[in-house]
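Several structures are given next for inspection.
The same chain A turns up in both complexes below, where it pairs with chain B and then with chain C.
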Partner chain A sequence: MMDISDLVKSISLFKPETTLIVTFLLAMMFDMAIKKSKNIAGYIAIAGLVIAGFFLFQQTGANYKAFASLLVVDSFGQFLKFIILMSSLIIIIFSFFSDELHNAHTKLGEYYTLIIGMTFGMFLLVGSANLIMIYVAIETMSISSYVLAGYTKEVKRASEASLKYVIFGAISSGIMIYGISMLFGLTGSLNLFEINQFLAANKVATLPLLLSGLMILSGFGYKISAVPFHFWTPDVYEGAPVTITAYLSVASKAAGFAVLLRFFKTGLLDSIPGTSEAWQLLGNIDWHYVIAVLAVLTMTLGNLVALWQTNMKRLLAYSSIAHAGYLMMAVSVMNDNGVSAVLIYFFFYMLMNLGAFFVVQLVANKLNSEDIEEYNGLGYRSPVLAVCMTVFLISLTGLPPTSGFIGKLYVFSSVINSGYIWLAIVGVLNSVVSLYYYVKIIRNMYLRDVESTKSKLVFSPITIAIVLMLAIPSLLFGVYFTPIVEWANYSMNIFVGN
Partner chain B sequence: MEIGLTHYLVISAILFSLGLYGIITRKHAIMVLMGLELVLNAANINFIAFARYGGMNIEGHIAAIFVIILAAAEAAIALAIVLNIYQNFRHVNVDEVDNLKG
Partner chain C sequence: MLGTMNFPILTWITFLPILGILIILLVPSGKDDKGQELSKIIIRWVAVGITFMQLILAVIIYLNYNPAMAGVNDLKTFQFVEKLSWITATLPMVGNINIEYFMGIDGISVPMILLTAIICFVAVFPSFGIKKAVKGYFAMYLLLDLGMMGVFCALDFFLFYLFWELMLLPMYFLIGVWGGPRKEYAAIKFFIYTLVGSVFMLLVMIGLYHSTGSFNLLEMMNAANFRGDSIFGGINTTIRYVAFMGLFIGFAIKVPLFPFHTWLPDAHVEAPTPISVILAGVLLKMGAYGMIRIAFPIFPDAFGYFQTLIAWLGMISIVYGAFCALGQHKVGKRDFKKLIAYSSVSHMGLVILGLASMRPEGTVGAIFQMFNHGIITAMLFMIVGVIYDRAHTRGLDDFGGLAKKMPIYTGIMAVAFFAAIGLPGMSGFISEVLVFLGSFKSYPVLTIISGLSIILGAAYMLWALQKIFFGVIPEKWQGPWDPTKLIYKTDDVNGLEMVALIPLAIIVIFLGVYPNPILNLMTGSVNHFIEIMRPFVYIGGM
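Up next is the complex of A and B:
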């Protein structure tokens, strides 16, 4: 039960989220008060995110079930919250340079405010240990993201994207809440810890448990765009503003993977703290295979369909589906090594994916198109940008010496260590397929139209600096990856408490 | 015959299926959203029925209230987006909003 000291401690651990709420309100107020500056809410948002990051850093080492086990504060959550925070920060900076957004609107206040709202929802989702809390958090982030996807509302394809997003999102969260209600009926509790205890102590009918688990997975699968809940991904990614596409592909997925891992580890698995032994399964259902099959389907579909895409945003959408597949491989082994691999991969994925989307945004600013053909001769037209794009694409493929290689290495080794050799082979074959479409872009940039008479593209030094700030770490962490690996290994224990 | 838990669960399963059927078959965006409400209310009936007959605590009732609130919020956003679709496309038929494909 909740007493006053629990409440006080919970509130003190809720500081990052509180900061985000205050930032949300301040951004709105300043936006209304100061009419001259278009980006004032953005500056407030950046300040708020930095302060939230400071409070988050203060929580290092905390392991606590806050608010009577509604939320869990642990180092696993802290790692993913940092990823979400960093990508929010980077996305807000990207938005300052987006012509697409600035041409469409006189005011961008709501845009930055909604990004903060979405960050808040994701923070809650990462920490949720109660099924209703998970539902509320998913809706908080989704509702903001539906609006953001269609923020340029005069653009036909953006409004189409938001319609598809809201319909698919609402259906999958509807199915999820039905699954939650079934799990509630089976176990008599909404709290993941109590569900775990109940499943460990009692025998539950297998079919309803499997069905409710799959229904709940549909909600998470939609967030991480896993097959068969991926249908919205390509359309929404193509239609939404580039900044939002990039945001959905990184932060939203990080929150989805966080809740997926926490749901399994806290709710459905009997855990042995402090070991990297495989987590013990509860309720006679082999969730390993359920997730492994979804992972294979996800990455294969993502990679194969990406082969014949001609729009960069759509191509990167399918590539992000494929990456969700690789990450699910690491989830399917269901041990601490897998968690650590997911964390390592996510950090590098954030750098390279955001970088690739920023290059797409810059090129679209100048050429008003996202077609792959437009990238012909980019190596001549803007050498720095083309080199950085090459780094991001090689990193996405997972070739050395980039950070993407390290991420894939850890994912594959966690899979092989658990004895799923066939899964690792499928993963490697998929990476080979992905090489084709990533290299196609590099070929367009360097080997097509080399003697073109097209003019050089001039980008402002500050945008080039931002691209370099993402490209250099993508390369650097490929050789010097120890700090990230250590940080991930420190964070891999999901707090299950007793 | 006494009305028990099973009756409520059957009703909610029927509602859920009808909701999904409506979402899949209807073309009009508003009708799709109505199908969605059926799905959410099916979950609500489950929550309340389990809380009442399963001998469980108040959590079920609270969950149902949360679902109702979020359904309202989601419907508001969805309707705003549908309105925006109407401004751009001059209709709200979900299957004809298909500029993005591939």
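Up next is the complex of A and C:
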């Protein structure tokens, strides 16, 4: 099966991942060697990520089943890998400015190394086309993230977060692997392509297929924090360091959505010609409906619970659950338009969500609190930061002229185009609900404590510049989004290998 | 003509406020008290300058506008058109996405642009009373101005939606930061209500895009552009009815039409005077404008289906609003501002009734009523603002005998009051008569019931007039408003307030005597509009 030419080609397409492994090792070594610099591992990590990005860029246009169909290299994966790469880069930069991390530790070597490890796991997950590979990739990223979530180990709630994360993670992995074993039993293969061929050629009992599918879904659902696998999210997001919370809310979800989409398209697509409008899935199960119901539950629960939150991290945690729900709406239509909507949304979501978390981090640095009441009068105490935060929040709500609106526009567009009007209505009503809690923050910043007499908050120019670098694109892409749309459309074809 | 010259006048009039915002943000705050005061003065006059330039541009548009060209659904007869490709991307499944920067005006939008320019200019003067966060206030004010102007110029649905939503945030801040005691509640209520409306509009917009492959409003008005198998293809389908209702509710919330009006009294009562002026003067008009520009001509069949319901809603708004306004004399806080807010509901109901009649005179009357209501209500809110600034109360029962204390003020006020009642010789009269003339032919019974509102209107207005301006001055207002003479040198209206009020009073009287300058603008377009609608709707007497 595995001949030499395949191996050679596979290794050449594995360059980004290889770079990450090398970076992982180098970062560790340099951290031990150079004692003086606190962030040396971080600088190495940035360099490694940039090089990995370069190799990733070289793969443009590649469609290949690498390592005997264990991993797939395609433009869909490339897009999401870029999202993961960019978030990792941004998070490492955020970490340089995190008092929370720097106060707790004299050196942050392991921290940066673990981020690289997690990035590696996510890269694998995005490309996996084999159930065992999916499992291994999920575990690789999870183990790093468990440690990272409890990285400030003196903080009680961080340890609690980490432990909860491990327990929930273990349970959902367990369920998932059980589902995998059932699917293996049904089809006799772990490879998604072979599973697909088997299902196309043979009739399989519906109930076991549904059960195994749902069980595997629980593993993915855990990563994207979809209801009812979301229980860990608020506690972990609240307890973990802000940087890690932000990271989990973007990169980890990107990987989760990648594998979710790939699983359906590669494993269950009925590849009879002439079915390009919507994916015809094998088996007698209406997966559209399953995902749509999960999407509705996810966004509704996320939004409704977020209404009551007073801790910023917790609020953004529930908001990220809601966003997972919007994204799942686009997944539920199960066609290439939906994929393109997911990609477009993800890019904008990355900008605005990371931006909002960075503002939370900066404010927590100064005020030592994440309470929403602490934001009273922020608009007058730190005008630039508050304006940027307003942009992020408006974008998260999905109001024009911000990029979040464009993301929502494409998601709703794909949903309506497939005829799920009811789903679109639930979706827009959810955005109205979300307005209330996002605006609550804006209210505190501007409507409370007007012309605050409290001391001005001064942030270093470089942090303000970072915030602006996220806020300005959030606005600009709201009025000119052609490049992102073109890129996403170029990347929306998931390679199914024929 | 300017329209044929390569001067993008609509872009200028819409985006001038951006220039103002930039200047305002760059004005330094000033170190000491004196510097701060100077900076505030500069900011205020920048706002005056920008809105005045807008007004001049609006007048230039008015003078160069050719009423013989109809517009509505015909690109060739739109004027001052600007059409640029804005966003083009290839979508394999749905064809190319193509959003245009497409602006142009016809007889329906010109009066609205004129109104917006006038109201935004005069409302700057009462804004001089804003003391806190002046920079933020005027930046938001100009942003709001931009959004409103853009809505009336846009002919691409995407662009329209962008401007429509752009107004929400500034309005939220303007009510929420500079408003009254319950400002937070009023601001978020306004925000959520309007957002509910606009998200439905968003869904319909997406559906229309998938049906026609374009965001161009004019192409959406042509049934031939709808693909047969698309979601809004065909005629008289349930989904078209639902979509029409989605759009209609979105716009009705803004009008506001009964039963979607409950945000309005709160927003008006809490908003600062100039923002009430803009809210009543321009913002409410957008709802009705959206119906004429988008909802009705794109879904004429659905409009025909719901026509009677819409006429009923118009009638209920008219009567209900009038009763609520009357009720302000007896119940609640007896708030003068709330009274005017409810009278707005009543008067805007008249616009809807006129539109629902689909008679040319009724529709012309409705658009003219939009213009007149904008001017008259702006005056009324400024008049309330004048006494509120001095007495810090708006209670109808707290005043009396102000005619003696403030004679000029009482004179101006009388113009506004009588115009609001619809006294002949005032502009409000003309538009009310036109609306009733039209609606009587289509809906005689509803018109007769609505006619009741004239009596109710006279009752609540005259009662307010009597309570506030005649009778005996209460003990506490016997002396001058401002004994120190620092802010108010005399008891009567000051120069700044007159600058805002007198031009409006002149417009009201002038158009009451000679309404043709505005009526002529729109008759051509309205006739064409009726022609488009005629196959689908019930038009009484035709």
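The rule is simple: the second predicted complex is superposed on the first by the 490 of 498 C-alpha atoms of A that agree within 3 Å, B and C clash if a C-alpha of one lies under 4 Å from a C-alpha of the other, contacts with A are read in each partner's own complex, and residues count from 1 in each chain.
Basically, a contact is a pair of C-beta atoms (placed from the backbone, for glycine too) under 8 Å apart; a residue touches a chain by one contact, two chains touch by 3 or more.
Fair warning: this is a prediction, and the values are worked out from it, not measured in the lab.
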Just checking: does A:Glu139 make contact with chain B only, chain C only, both, or neither of them? Give me first, second, both or neither. first
Taking the superposition as given, does A:Thr482 touch the first partner, chain B, the second, chain C, both, or neither? second
One more residue to check, A:Val50. First (chain B), second (chain C), both or neither? neither
Which of chain B and chain C A:Val458 touches, first, second, both or neither: neither
Partner chain in contact with A:Leu7 - chain B first, chain C second, else both or neither: neither
Mind working out whether A:Leu25 is in touch with chain B, chain C, both or neither, as first, second, both or neither? neither
Do chain B and chain C land on any of the same chain A residues, and which? none
Parts of chain C lying in touch with chain A, wherever the complex brings them together: 86-94, 97, 132-133, 136, 161-162, 165-166, 168-169, 172-173, 176-177, 183-184, 187-188, 191-192, 195-196, 199-200, 202-203, 206-207, 209-210, 231, 239
In the complex with chain C, residue positions of chain A that touch it: 276-277, 335-337, 340, 380, 390, 394, 399-401, 405, 409, 412-413, 416-417, 419, 421, 424-425, 428-429, 431-432, 435-436, 439, 442-443, 446-447, 450-451, 479-482, 485-486, 489
Inside the complex, what are the residues of chain B that reach chain A? 9, 12, 16, 19, 23, 29, 32-33, 36, 39-40, 42-44, 46-47, 49-50, 54-56, 59-60, 62-63, 66-67, 70, 73-74, 77-78, 80-82, 84-85, 87-89, 94, 97-102
So, in the complex, the side of chain A touching chain B is made of residues 131-132, 135-136, 139, 142-143, 146-147, 150, 153-154, 156-157, 159-164, 166-167, 170-171, 173-175, 177-178, 180-182, 184-185, 188-190, 234-235, 238-239, 309-311, 314
